[in-house]
């Protein structure tokens, strides 16, 4: 026992730090918050027959409208249409008072990044699922987790410059710095 | 056996060995770099829906059409309106920095009383008492608007004076007005009918008259410039001929042009070489009709001789009375109960500040316009009785407002409905509205609203403007150019005055190109009071913040 | 972006420039350049578009002057700033020909400022500072820069990107040239600046650039600028060819 004391203590310290680094560190580094309304994409896709572009569209000027404004929701949900608690919250807390919902953006990029949905969707023919996953089948929205130090969301880690470069390289599409930066 | 220090050390070393195998150091390094991207003092442009809104720049009398690029409710940039009937698609440096004027550091949002913030009610009470007790006057630094007519109306109704200042740019035209018994506002320069513009120190290719109009004629070669100036100003540098007459010798050039003296004498008096003078005379006379204008600031006799050069040339015209009807404000109902309809006086009838006797005013209101105005404080002060007060109505604590007894904060650029009446040089009457593109801050009140409040006037700005639009509609003259689709429609195509008002509010300009004009004859007024209170037309108390590019970060200076 | 390559360039009519500076203000507004702090001077300020006043240096009575808008010449051959940058913070964009400066990569060595023969590059000596609330007037299409980096004219890349977005919305890879007008071109009240694709032989800018009256600044350096000038005055052309001392003509020298 004595002989292995050093090895044991060393391994113990090693293991503890591994655990702290891989489990404890992410837990403390990322803050979490819920979205103001727990939106159910699936119901809207199935029952309302909506497609992605019905709420997340590209204008004629080529600007992506992003997370929809309240008017989008209020168009149908002036009064609760179903029985869910979430919808009641939507109508009572946001639609009736006319307050814009402060959605937290998962994919916010640094200020010097120019990403054009118009180019990628219309010209690149990328489906929404390719980058955002099968969002349409989800019944809840993900917990929003934000890196306390950098200020970016945890989800943005899968949308970094190297991810863009990989896809561009795969498809043989050159962009140059000017293509993606502003 | 307990844990020793060595044990803790071993534990620590084990932990340290594991650190590079965890995300901790790598993520922290990465994150501190990203953290530096989100520091609070890093400027963040606004986010939101992008749109374009149309309006008119009212920083100077030209009234050029503008497009404003917006993000949400914020203005982020200004662009010109091509094919605009007044501005011809031109804009000056002021317009491009104008969207930042509402945030100028000199901006005030609370009334100032002797330099200290005061509540609006206190200030209103004090000024109203003084205006009631004594003689008040309203100095309008932007005459010709429907709001100007409202000032005249309330001055007439409540025993006050309506005043306008003389400006450098309109010196020659004012002489013509005085000498012909007409109003300055009815006159214009027939620039399209002349081939050469002889400028005595007027910054004709800088900020002068309606710049878009001048540039359009100049760049096509239709209008050439002969600049008489001691200094190589920008206009002199760009002119076809620069006659560097010694300061004070301009009168000899006027005499030369009039044929009263010969080249040799003119050369000797002015210091300009004979061959240059001869060349210039040939140039001017060979090209055809020409117009002489003064930049102002010369002695009366010199101004008269310059104005006299245009006698009989037909280059200075007056709009005939019938076509001036569209410019007159229609009958406006009295807001007071059971009142009769009253006629609003013609907005072109002015009283000149220069002609007001010294020390005759108790309360002098000054509507400074959007850039804080330009008449000097000393010249104003002399008109005010001892113990009287100067009330500046301006968005900024600058210029006269920095010295006035009271300053009332008014809306800044694009914060309130404003008007662009016919520019002083124009031959065709025109009118445009500048809709509010931004919300004014809570403390701001329009100049007319404030003066109404303290004098008992009852015609608010929007009512006056609607009445003006109503009169344009009723006169059935002219056409309307809408900025969004760049289409021109006759006024008669609009169904109602509110319909026309709506078009103006989304970017439109009315112009009457068929307005008849008559040539004006000039007779020098031999014994008239000299205009002692002369302001530079485009003098301003503040500039757009980005003007440091011109004044400080380069050597190009202002236009 | 796949597709045709372009060579965006300009022809500036010096005889039509009135020196008003509208282009300078419009450029600063479009590119989120801050108003200068009190200690900035003409050497330490930031003017990606800058109008210089030049003269024929004759005696005052015979003096002639013109105004020369100077911006990044977008050098097409052996681009000096690109070749010296240790960070590859500037590159010649293959698709548009624009020499694109990325301040976020810049480490502030200012080697490029030394290398640029046209003095068209500017260093952020201070953090930009706007009066309270004025940040609401910033253009979201252009990233702000902090102190310590170099910036210059990028031919209003934000407008090019918007033009591409608009074309993509209609499913097109090629932009409509009317949608891409840099701020200075749009601002000029006399229309002295013509802008477009020099590689498109039928475009107005290409025709004007080919005109024998058009010339470029310091042509013997071989930088092949994409910004051309034209003037009927021989001395302006002479000055462009050989360069000269920095803007002459002090205000005091202009009065008799």
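Think of it as A, B and C in the order they're written, each chain with its own count starting at 1.
In this section, contacts are C-beta pairs under 8 Å (C-beta built on N, C-alpha and C of every residue); 3 or more make two chains touch, one makes a residue touch a chain.
Note that this is a predicted model, so its numbers are computed, not measured.
Using CA-based centroids throughout, the chain positioned farthest away from subunit B is A. Interface comparison, B-C versus A-B: the higher count of C-beta contacts falls to B-C. For this pair, subunit A with subunit C, the centres built from the Cα atoms lie 39 Å apart. Rounded to whole angstrom units, the spacing between the C-alpha centres of subunit B and subunit C is 30.
Taking each chain's centre as the mean of its C-alpha atoms, subunit A lies 50 Å from subunit B. Residue positions 61, 63, 111 of subunit A are each in touch with at least two other chains.
Looking at subunit C, residues 142, 144 sit in touch with two or more other chains. Those residues of subunit B in touch with two or more other chains are numbered 44-45.
Chain contact summary for the complex, subunit A toward subunit B: residues 5-6, 9-18, 20-22, 25-26, 29, 61, 63, 110-111, 147, 149-152. Listing the residues of subunit A that touch subunit C in their complex gives 58-63, 111-112, 114, 116, 118-119, 122-123, 173-179, 181-182. By the touch criterion stated above, subunit C contacts subunit A in their complex at residues 1-2, 91, 93-96, 98, 100, 102, 104, 141-144, 154, 157-158, 160-162, 164-171, 173. Residue ranges on subunit B touching subunit A, taken from their complex, read 7, 10-19, 21-24, 27-28, 30-32, 34-35, 37-38, 44-45, 50.
On the side of subunit B, the complex with subunit C involves touching residues 41-47, 71, 74-80, 89-93, 95-97, 99-100, 102-105, 205-207, 211-212, 215, 218-219, 230-234, 237-238, 244, 246-247, 271-273, 276, 544-550, 552-559.
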